[in-house]
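The structures come next, written out as C-alpha cells.
In the two complexes below, chain A is the common chain; its partner is chain B in one and chain C in the other.
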Partner chain A sequence: MISRTARTGGTVESGDVRSGGVQRAGERMAGVRAAGMRSAGVRAGGTLWTRVLLALTGAGLRLSASLCLGFFLFHILPGDPVLSLASGHPVTAEALALRRRELGLDRPLLTQFGAYFANMLRGDLGTSFGYHRPVTDLLQERLWPTVLLVGTAAVVSTALGIWSGVLAGWRPDGRLDRFTSTVALVLWATPTAWLGLLLLIGLGTGVGPLPGWLPIGGLHATPAPSGLPATVLDVARHLVLPCLTLVAVQYGQYHLLIRASVITQRQHQYVAVARATGLRDASVRRRHVLPNALLPTTTQAFLNVGLVLSGAVAVEAVFSWPGLGYLAYEAVRIPDLPVLNGTLLVFCTAVILMNLIADLTVAWLDPRTVQ
Partner chain B sequence: MTVSVRRPPRRPLVVASATLAGFALLALLAPVLIAPESLDVVTAHGPTLAPPSTRFPLGTDENGLSVLLLTLAGARLSVGVGFIAAGLAVVVGALAGVTAGVLRGRPAAALVWIMDWFLMLPQVPLAIAFVAVLSPGLTALVLVIVVTSWAPIGRVVRTAVLAAQAQPYLDRVRALGAGNWYIARVHLLSEVLPVIAVSAALALANAILAEAAFSYLGLGAPSEISWGSMLRQASVSGALTAGAWWYVLPPGLAVIIVVLAAGICANAISSASTQQY
Partner chain C sequence: MRLNRCVAVLLGFVAASGPPAAAAARAEAPTPVTMVVAALQDVDTLNPFVGSQATSTQIFRLTYDYLTDYSPVDNSPVPGLAKTWTTSADGLTWTFRLREGVRWSDGKPLTSKDIEFTYRTLMDHPTLANAAQVQNFAAVRASDPVTLVITTKVPIPNMLTLDIPIVPAHLWAGHDPETGLTGTAALVGSGPFHLVEVRQSSYYRFESTRGYWRGTPKVSGLIFRHFNDSDAAVQALRKGEVDVVGNLTPAQYDALAGDRRIARNEAQSSRFTELGFNAGAARADGTPIGNGHPALRDVQVREAVDRAIDRRVLVERVLDGHGTAGVGYLPPAFAPWGWQPPPTSIRGFDPAAANRILDEAGYRRGPDGVRLMPNSQRRLAFNLLVPNGRAHYQQSATYLTGWLKAIGIEIRPQLLSDTEKGARTAVGRYDMFLGGWILDPDPDYLLSVQTCGARPVGSAVGLTDTFVCDPGYDRLYQLQARQLSRDERARTVQQMQQRLYDNADLLTLYYPAVLEAYRGDRFAPLLRRPAAFGSVNGSWSYAAAVPLRPAQPDQGVPIWPLVAVALLVVVIGGGLWRLRATRDHRE
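Coming up: the complex of A and B.
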C-alpha cells in the first residue's frame, strides 16, 4: 500500500544503508538488503556501546547542522534585519547604525556565527520582536500545549491504527480490510487544515439547524473556570476538535504500516503452528503476530514525529491552539525572526531526539541489530 | 508448464491517470474557460455567502463570487505549482540519488548524510521560516516545496541504484571496459526509471498537499486563487462562523481527488514494475 510518501519509506531503511558506502561489498549487501528483505541493519563489529556512541554523535552532528541552518536562514538570507525591523517607521541612518551595533551586526560574519552558536548553546535565543520577551520564555510557555495535543493524538492514533491494522492485515482483501484501508487512503490524501475547518464547522459552529456543541478555539474558556476538575474538563473539551483532526490525518499511516507488517508476519510458519496448537485467532494475533509486527512500526512511529509536528502546525493554526506551531504561524506576519528561529530549532531538536530514541529502542528491542 | 498469471488491474491506473490529465488540462485552460470578470471582486454581483442554488451550484463566497468557478480556477495554481515543484524535486532528488549510488567512499557517505539530515527537517516549520525570510510568493512556495521534498526521492533512488548495481552481470560489463558513466546511462537507468516514476507520482501528491497547507498558513502568493488560499480566505473572512460549509468543502475535495489519483498511479506503477510474471 501507499505509505505517506517516500519520506516515510525512506527513513525505515536509514539504519540499514546509512553507514554503507565504505566498501563495495558492503554497498552491495546494503543494496540487496534494502531491495529484498529489509531486515534490520547489522553493523559490523559494533557492540551496544559503540552503537549508542554512534547514535549520540550522529544526533549531535545533526543538531549542529540545524543550528547552522538557523544561522543561514535568519542571519545571512534576510540581508538587513534592522531595516525589516524598522519597516514602516521613519528612522535616521544613525539610529539604524546604533541598532546594528547593538545587535552585533557590524562585526564580521564569522564572529557573528561564533556568538550565535555560543548564545544558542547557553539557551539564549534572543528577544522576540513582537512580544518583547525572551524567546526561551515564550517557547517554554508554548511547549506544553503542543506536547499535550501531539502526545494525545499520537497515543490515540497509534492505538487505533494498531487495532484496525492487525485485523485488516489478518484477512487482507476481506470486507474489514477494504473498508479500513480505503478510509486510511482517503485520510492520507486529506489536507489537514481542511479537515480541521470542516470539523470546526460541523461540530463547533453547527450546520443549519444543528447546533455546535464544542469550543472552536483556544486552550481555555474565557474566563477560565476555577478549580482543578473544572479546568481539566475545560481543557479536555477544547482538546477534542484539534486532537480529532490530528488523529484522523495520522491514523491512516499507522493503519497501513501495521497492516503491511502483519501481512508479512502472517505468512510465517510460526503462525500456522500457533493456530494448529489450538489457540484462538485473537490470541495468536495478540501474543505472536503483534509483537513481531510492532517492531518496524515502533521505529516508524518515532520517525514520523516530523510529519506529526508539521500537521500540528496546521491544526494549531485552525483552532488557535496556543502551542509552538501557532506561535510560529503568528510570527510570520511580523516577521518575528528570533521566534521563528527558536521554534524551528525546537522542532528540529524534537525530530532529532525522536530519531535517537528510535535508534536506541530498536537496538534494545531487537538485539540482532547490534550483535 | 503453464503458470497462471495475474496481471495487475489496469482500471485504477487508467482512471487515476485520466483524472490527473484532466486536472492538468484544467490548470492549463483555466484562463480560457473562465472569464476573468467572473473571478473579480469588483464585478461580483451574487449574494454573499449564499448556500448552493441553481444559479450558483456550489454557493458563493464572502464577495458574492461563485465557489464553483473559484474552485475550477484554483486548479491552475494548485495543480500547476504541484507539477512544477514535484518535477523540480524529482530532478534534484534523482540527481542526488544517482550520484550517491554511483559514488564510493567518503563523498557518497557525505551525500547520504546530507539527505538523511534533510529528511529529518520538519516540513511546515521549515517552510514557515523560509517564507518569513524570503517574503511570500509563488517562487518561494515552489522553492520551499522542492527544498523539503527532494531528499526522500534521493534516498529511494539511491537504494534502487545500489540494488541495480548489485546485479552480477554488471561485473562482466565492467570487465569489458565499461566506465561508471556508461553503466549508469545504459544499464542502470532502465532499472531505476520505474522507481523514479513512483517517486514522481508521490512527489506530486505531496506537493499538492503541501501547497494546500502552505497557502492555508498564508505562505503562498497573497492575491492568487488556489485551493489552499480559498481555505485561508474562508477562515479569515468569517465564513466559518456563518457555517458556510459549501465554501470550505469543494477546494478540499479537489485536493483529495488529485492526491488520491497521484497515489493510485504511484501504487499501480510500483506493483506493475515489481510484478513477477
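Coming up: the complex of A and C.
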C-alpha cells in the first residue's frame, strides 16, 4: 500500500514539474483553469473516447480472467462441502453420494466450469450449499448493508483525511502536523477487529461513568422499529460504531497521501505568488494547492472503495453487520462454492469498475495524463 | 452559519439516539416479556427437511412438535404428540396413540396424517437432513386420526428419540421438500412458539403459542439475535441487550463471575474430545488406504501413548478446570449409556510404564532419542492433525507433543481447518488427529461411526471416525439395536465401550463443559436438561423460563452531560478554528 502510494504521488509530482508548475499556476491564478480544462477536453476528444472503449474492453477481459482463476482456486480449497455440511449428523454413505450428484460435484471440473459460466451469463449464480437459497438473493440482501457501511466510511474518511492532511502538510513538522500525523499513523496501524472491540466495549457497553449509548452490533434494533423515519434513525445509530472503526483505520492513508502532495505543492512558486498577492492562507490552500494535490488521493479513494467492499470482514464480524465480506468469509468454511463464486464476482466487479472510474476521472481532472 | 447548522444536526442526532428505546420500554413495561437469545451461528434455512445447523434445529424444536420428547430430568423419552405407544413382540411394529386437539398455528388440526406425511417424505428423499433416521422404516400408516402405525425392517432402538419435526401436510403436500415453502406458509408450526418475523443474519422473532398443549410459555416472545462474534455477544449480555448466551470460552465465562446480574451455568458431559489413531485405514472390503504410520497398528504403541498423557493437566490448564478428564468413549455421567473402566484396569498417567511397554515391544531409542520400529530404521514420528476451529485443540497438541517426546515419540502437529481435517481423515492420510463430538441424547449414531460398515465403500466417503473395525464390537452393535429394554441395551452399549478402550483405538482426552450465562436479574433460574448437570440453552428452557419482574427499563441514558460535552467541543473547536484563520491572515 505504501509503495503504491509513493509511486502514484511521485508520478504526479514529476509530471507537474515537467509541465512547468509556475506557468500552470499562473493560469490557475488568472482564473483560466476551467477554460483550460475544457480546451484540454476538446483537444483530447477523439483519444478520450478511444480510451474509454479500450478501458471498458480491458475491464471486461480482466473480470472474466479473475472469475476463471477464482473458480479453479475455490475448487482446490481443502475440504469437501458435502462432507462438512453433513458432519456430526446421522447420515448414510448413500445419501452423501446422492447429495454429491445433486450438487453436481461428481462431474468433471471442466463440465462444472462450463455450466457455471453458461449459467452466470444467464444471470443464474446457482444455489448456496449452506443456505439452500439462490446466490443472487443472498448477494442482494447482503450488498446494501455493505455498500452503506463502506460508502459512508469512505466518504467520511476521505473528507477527514483531506482536511487533516492539508493542514498538516501546510506546516510540515509543526505541532499540528506532528500530532495529527502520529494519530493517523497509529490508527492506521491498529488491528481493525481489536479497535472495533475496544470501541464496542467503550461506547457500546459503557465503561465506568461512560454510558453505553450505542447499540452492540447488528443492523437493526431487535425488534426493528416500523416506519421510515424510525428505521433510518435506527440504522444510523447502528451504523455509528462500525463506521467509526472503519474511518479510524482508513483515514490515515488519505492524511499521509495528501500531506505529502501538499508539501510538494507548497514549494512551488505559484504558492508564493498567490500569497504575495495578499490572498489569505486558507484560500490559497483551498483554491490553489488542494486541486493540484488531490490527484493521487482521487485514485486512492476509488481503489479503496473497490477493495474495502471485500475488506470490511473484520468490522462486519465484530459488529455482526450482515454484509458481503462476512458472507464470503463464512462460505470458505464449508466451502460454499456458489457463494464464493458469487461474492468473487461482486468484489472483482467493484475493484475493476472503481479502477476504471479512477482512470477516467483522473484523465478528466488532469488532461496531462491523457497525452 | 454553516457551523451552527452542523451543531444543530449533531445535537439532534445525539438527542434522538438516546431516549426513545428506554421510553418505549417504560411505556409498555408491565406485562409482556421478551427473551433475547444470542445465536452465534447463522440459521441455514427454515425448511425443517434440510436445516441442519444447531441454531436451525433449535428453532425447529421451538416451532414444531415431535412424536416423542426428551425428559428434561434425565433425557429419557417422554410423550410428545404421541400420548402412549406399544411395541409388538418382535419389536418391528410400533403403534402410537396421539394427543387430540393439537392445532397448527393456522388453526387446522394436527392429525396422524401429518406425521405419516412427514415420515414418508423422508423415506422417499434419502438426502434430506433427517432421512437417515427413517432408513429402516418399512411402512408408516395413519390408521385413524389419532393412531399411527410404523413397521420397521429391523428393530430400531431409538424409535422414541426421533429428532424429526412434524410438518403440516396440508401446506407441504405437492411441494418439493428440498426447496420448501415460501411466505407465511413456511412459518406455520405447532410448537410452543411461532415465528412472526424473519430477518436473515439479523434476528428471528417468535411469539408464544397461547394454549399450547404443554402450557403457554411464561415469556410472551422470544428473539434469536445473530452475533458473528462471541465477545460482542458477551458485551450485549452485560449491557442487557440479550438475556442468554451459550458456548462461552473459559476466559469469557470466568470474566463474568463478578457480575451479580448474570447467572452462569456449566453444563457437563455433552461432548468429548478424542485423540484418534490411524490404526490401519481401509475401505469396507478391507483394501488399505491412506498413508498411516505402521507403528500405530500395534496396540502397545497406542497404549503407551495413552499412559504418557496427563489428562488432569489438560483439564486444568487447557480447559481452565471447566471439564472432566476423559476415560470411556461416552462420559460416565451420560446415564445410562456412559461407561468407565473398573479402577483395576484403568490406564493411568505413568510415563515410566509407557517407556517400559515400548522397550519390551522392541522399539529401541535411536541416536536422536526418538524410538525406531523393531528391525527397521523407521522412526516413531507421527503427524497430528489439529483443527484450528477451537483454541483447546492447539493447546492440547502442545502438551501432547511434550509428553510423547519424553517417551521417545516425535509429534509433528499440523494446524488446519475443520474441513481440511475432515477431508484428510476421510481418506486415511494422517497418523493421529484431535477431534470431538457432541452427544445426542441417544448414543446410536456415535456408536455406529465405529463399526466396520462405517468405513468407505469403493471411492465413496465413509462415516467412520478412526477406521475402527472390530467384529466383536459390530456384533454388540447389532445386539443393542435389537434390545428394546433400555437397561439391557445400556449394558451392551457399555460392553462396546469396554472393547474400544481395550483396543485403545481412540483415546478420550476430556469432556469439555459447555459454558453458558444468562441474566439472573431478569429470569428465575433456567431449566437444565438433564436437571443435574445439563444445558440451559434450548427449547425446554426457553418455553419454561419465568420472568422475575416486569422488564425493567435499562437505566435512562444521561443525555445532558453528552450534549454539554458535544457543545463544549464544538465551541472550543470553532474558537480555535477562527483563531487559526486570523493567524494565517496576520501572517
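Structure notes:
FYI, the second predicted complex is superposed on the first by the 276 of 371 C-alpha atoms of A that agree within 3 Å, B and C clash if a C-alpha of one lies under 4 Å from a C-alpha of the other, contacts with A are read in each partner's own complex, and residues count from 1 in each chain.
Simple rule for what comes next: a contact is a pair of C-beta atoms (placed from the backbone, for glycine too) under 8 Å apart; a residue touches a chain by one contact, two chains touch by 3 or more.
The model shown is predicted, which means the values in this text are computed figures rather than measured ones.
By the touch criterion defined above, A:Ala221 reaches chain C but does not reach chain B. Judged by the touch definition given at the top, the superposed model places A:Cys348 against chain B, while chain C stays out of reach.
When the two complexes are overlaid on their common chain A, residue A:Leu73 makes contact with chain B while staying clear of chain C.
Of the two partner chains placed by the overlay, chain B and chain C both lie in contact with A:Val318. By the touch criterion stated above, A:Glu94 is placed in contact with chain C alone, chain B being left untouched.
Once the two complexes are laid over each other on the shared chain, residue contacts for A:Gly306 go to chain B alone; chain C is not touched. Contact with both chain B and chain C is seen for A:Leu200 once the two complexes are overlaid on the shared chain. Of the two partner chains placed by superposition, chain B and chain C are both touched by A:Pro335.
Touch criterion met: A:Trp188 reaches chain B, while chain C stays clear of it.
Of the residues of chain A, those at positions 78, 197, 200-201, 205-206, 216, 317-318, 333, 335 touch chain B in one of the two structures and chain C in the other.
Taken together, the chain C residues at the contact with chain A in this complex read 13, 16-18, 21, 36, 42, 44-45, 47, 50, 52, 126-127, 129, 131-133, 135, 178-180, 197, 199-203, 205, 223, 225-229, 231-232, 235-236, 238-239, 241, 416-420, 422-423, 426, 437-438, 444-445, 448, 456-457, 460-463, 555, 557-558, 562, 581, 584-585, 587.
Interface residues of chain A facing chain C in the complex, by the touch rule stated above, are 78-80, 82-99, 102, 130-133, 141-142, 197, 200-201, 204-206, 211-224, 233, 236-237, 240, 280-282, 316-322, 326, 330, 333-335. Note for the complex: chain A touches chain B at residues 1-2, 5-7, 9-11, 13-14, 17-22, 24, 27-28, 30-32, 34-35, 61-62, 65-66, 69, 73-74, 77-78, 185-186, 188-195, 197-198, 200-202, 205-208, 216, 306-307, 309-311, 313-314, 317-318, 325, 328-329, 331-333, 335-337, 340-341, 343-344, 347-348, 350-352, 355.
By the touch criterion stated above, chain B contacts chain A in their complex at residues 103-105, 108-109, 112-113, 116-117, 119-126, 128-134, 149, 151-153, 155-156, 158-166, 198-199, 202-203, 205-206, 209, 212-213, 216-219, 227-228, 231, 234-235, 240-245, 248-249, 251-252, 255-256, 259-260, 263, 266-267.
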